[in-house]
Amino acid sequence: MLYVLPQEKLSSWLKGLSEKYRLFVPVSAEGFGPYEGELYLEARTRLSVKEFFLPWREPLLRFEARPGAVPEPVAGPEEKRVVFGVRPCDAKGVALIEKVFSEDEPFRRRREGTFLVGLMCREPGSQCFGWAMGLDPFAGEGLDLLFVEREGRYLVSLFTARARELLDENFAPADEEAARALENEREAFRQKYAAAPALEKLKEAPLLALYEAPFWEELALPCLNCGACTFLCPTCYCFDVQDEVVGGEGVRVRLPDACMFELYSRHASGHNPRRSPVARFRNRFLHKFKYFLDLYGEPLCVGCGRCIEECPAGVNLWDIIRTMSEV
Amino acid sequence: MSWEPKIIAFLCNWCSYAGADLAGVSRLRYPPSIRIVRVPCSSRVSPAMILDALKSGADGVLVSGCHPGDCHYLTGNLYARRRFYMLKKLLEFAGIEPERVQFAWISASEGDVFAKVVTEITERVKALGPNTKFRKVLRETGA
Amino acid sequence: MVAAPKKNMIPEPARIERVVVETDDGLLKSFYLRLLDEEAHRAFRHVPGQFAMLSVPGKGECPIGIASAPSEDLILFTVFRTGLVTDALHRLPEGTVIGLRGPLGNGYPLEDFRGKNVVLIAGGFAVTTLRATLVYLLEHRDDYGEITMIYGARNPGLLLYKPELKAWQERKDLKLYLTVDREAPGWDGLVGFVPQITEQVAPSGENAVALVCGPPIMIKFTLPVLEKCGFTPEQVYLSLENRMRCGIGLCHHCNVGPFLVCKDGPVITLAELKKLPPEY
Amino acid sequence: MGTLTEKIREAAAKVLTEGRAEVVVGYGPGPLPYRNRLVAVRSAEEVNRLVWPSFGVLNPANALHKLRGQKVALVATGCVSRAVVVLLQEGQVKREEVYLLGVPCPGMLDPAKVRALAAKVTRVEDDLSDRVLVTTSEGKKEIAREELLRANCLSCRHPSPPLYDELIEAPARPVSAEPYAQVEEIEGLSPSARWAWFEKEIVSRCLRCYACRQACPLCYCPTCFVDDSRPQWVGKTRDPVDTALYHLVRAYHLTGRCVDCGSCEAACPQGIPLRLLTKKLEKEALSAFGFEAGLDPEAPLLFTDFREDDPEDFMITHELKAAGKI
């Protein structure tokens, strides 16, 4: 279903939404925040919408910090949230994470309580390669609504029935011309971009040959083994669980973790199956472009380009994909 | 006001702890705000220990060792002096009230000095009020 | 969105009914647990080889193999004191309530072993889930062929489940070989490392499976022996361990390549393992 | 006389052919016009992978930890050389295992400043003159080099390497006249304003990715204090107090060691001004103890040394004595 919203009606619609839901929008190049009139729509943000589903802090239990205390589950947030200005790649990231987390209670609760309203990019970002990862930004994967800006108005695609409740009187059903315009745009995108052949090659590459390939040492040399790429990545989903105790009380929280950290795979005995920085580096990319790809048919990457743009050490994901696919 | 500050005191085993002991044995009066942790030497105290005390709810921290020349390990306190100087400058720079973290030399014979130092620190911390900036609170939401 | 059963990471309260110090060094203790909820306790069903997350509030959770057989009333965990959580566990007295989340993982495909000879090879405290297996096999004795167990520890004081070992030694329908690394006072049993003893026992690979649990070095030297005895990689079952957080296939800490120890394992055949990167 | 890139390649080739080092660590081009990527060159045929890195913002001395046991040659500007000096002082590197190709540093450009120039930056031409040519989606811009320099280069007190095995000629920047201007700005604030600054600019934005720690050539502890679990000094979430504790102790651990290479700040994906904490410590070490890190491999470190007359007026017993109270 396609609707049209005049561009000048955007803020009044957002204002109306913010009265009924907790509304989040991109507030700066850094990321999303509560809607207070400010909007940053120039480009995708540095932090993705992942944090709405795998938050920096997900409490699971609360307990008295004494032997024998029986913990009490923490009920998650109840209220409904709307996130506006989600880039199609980020929404696809959520959809990819959902493949793993579909049965996870906290994730599902957040997913069910959150509307994702997409906004099409005017043009691909400078390091964007979503198309190469098989992303069709018009397909609305992970989204409830998608806004495509065109000649002073938004063409709004409805992808879920539940999202109808978000529309107000300013949304008019689109006429045929608008529908055609959107279809043309989508067609033009398909003409111009196609999934990278690298993915097909990676599917066929034998796992152990990739693992044992000689190039990892060289590729990993500049990598700092920090968590910047994993925390910024809209698809990295690994988490840690920590018990936090203050005084006599505690909470068990789930928080993002990074496979780049030495602690990530270190056993209590001190043994670490991925002790070397190279091994951790390799694991991250094998997860994204082999393990996940083999299991789900898609890479664990939406091509947003954040890691390329933000990696302080200049690690280039594209180089890695290319090198891997040549095994 | 009924609030009594909590002050964690890291006292070196050889001088300051004995000084605190003497203050007690001599029945000197000082506020009950102090909680003592005995350490082998003032140089054993790391900034993580000091900040951990504040994080865990202390309103002030005192680290005390032997006077220069008296260190059981000869120079431990002299190394410590430099470290604490730098730590204090750093905490001040970050806007943590410098009065909350104090350093002292107290010998085994200075029970009176111990009592006065504790009294003084307690008053200063009382004037500042409870440590709210650097005290961890348990949160279920947020970043 | 998929409307699947919800999974969460909420442990169930379980009381420590009994604690047994298993070894002379005191580093291994057995905890016999009962879920507080009677219904849940009765409903607790597991397969030998599975594990559970044991949880001490304020310290965290850690994965421990289930050492009791499904038929046994109390759920048994024998825990080596090594990290934050296990250290806290070791300090808890009988009667304390802790958290239990499980059973998790796949367990041994015991149904598939029916009619076959089963060889259990254990080193050190990794014997726990093989204890569960052995108890099960003995309960279903007629369903299986010859049962052989080779179990070694560094010294006699480090053997677990000593009273049971004694009872098992007397059984005619079980070949039990206990061994220690070195001669020790009062020990008149076998002396030698597990791989050597396995070589002497020389179990036949014909119509048999071997379940091997032990430290990496023991496994490394035992596998070639089994190969010589005629066991193919498909007939050898191992149990993996890796650091894990969730135990339910989400957090990805325990991955060995695409294989998640918590969800796809911990039990894996040598044949499958050979296809994976050696990250365990 | 060639460009600095040519001189570096030439020197690297010589070092490798003469066997002075097995591997030369320097920078090559990166995936973006404002990033350089570390490269390890092992033969004279490969030296063309090396360039003068206008954006060599991560200290390559960090690679010494990865390449331990190999004889490594480093292209060493002032702060690279100084980091090696500290590693030598601390016994982390053997002098005979490192060969320093010293380069008096003309200063490096700040990727963040260049990136901020336009939506897309496609090319940066830096011939070390006083202008930099930046090609962007909005056209070509000629910008004063000084304006694009990194903050730590602007405040650099030692652009030239204090330790080297050979020196490559290059136009070094002058020693900064106002090395502590940024620090003084914060010092000038009230305590509560400083706390607000610390909370807002450093603590609240930190993601706990540890890029700052990982990028630091002097953070080499096998287990960092944040990774200790017994006791756990620092909680792992983004709790503000834990994060504050992390940043204070991280900075403090660099007291008298930090060479202000700015790697921490450059590595931070959030652009947090991390350097200010260590710069403050540098300033205090200089004013109170006349100490500067990384100048002399034979000298003691700030904290492995003391003087009888080190300042103690910060101590409460000193204050009370001065006031006649004790």
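Read from first to last, the chains carry the letters A, B, C and D; within each, the first residue is number 1.
Criterion: contacts are C-beta pairs under 8 Å (C-beta built on N, C-alpha and C of every residue); 3 or more make two chains touch, one makes a residue touch a chain.
Because the structure is a prediction, the values reported are computed rather than measured.
By number of C-beta pairs in contact, B-D leads over the other of A-B and B-D. Taking each chain's centre as the mean of its CA atoms, B is the chain most distant from chain A. Chain C has its Cα centroid 50 Å from the Cα centroid of chain B. One finds 50 Å separating the Cα centroids of chain C and chain D.
Centre to centre, using the average C-alpha position, chain B and chain D are separated by 34 Å. Annotation for chain A: residues touching 2 or more other chains are 56-57, 240, 242, 244-245, 250. For chain D, the set of residues touching two or more other chains reads 235, 237-239.
For chain C, residues touching at least two other chains, in rising order: 83-84.
Residues 1-2, 4-11, 13, 36, 55-62, 82-84, 86, 91-92, 95-99, 241-243, 245-246, 248-253, 255-258, 275-280 of chain C touch chain A in their complex. Contact residues on chain D toward chain B in their complex (touch as defined above): 183, 186-187, 189, 191-198, 204, 225, 231, 233-235, 237-239, 241-242, 244-245, 248-249, 251-252, 255-256, 277, 280-281, 284-285, 288-289, 302-306, 308, 310-312, 314-317, 320, 325-326.
On the chain B side of its complex with chain A, the touching residues are 56-57, 136-143. Residue ranges on chain A touching chain B, taken from their complex, read 56-57, 59, 62, 74, 77, 244-247, 249-251.
Contact residues on chain D toward chain A in their complex (touch as defined above): 30-32, 35-40, 57-58, 62-63, 66, 119-120, 205, 207-211, 213-215, 227, 235-239, 266-270.
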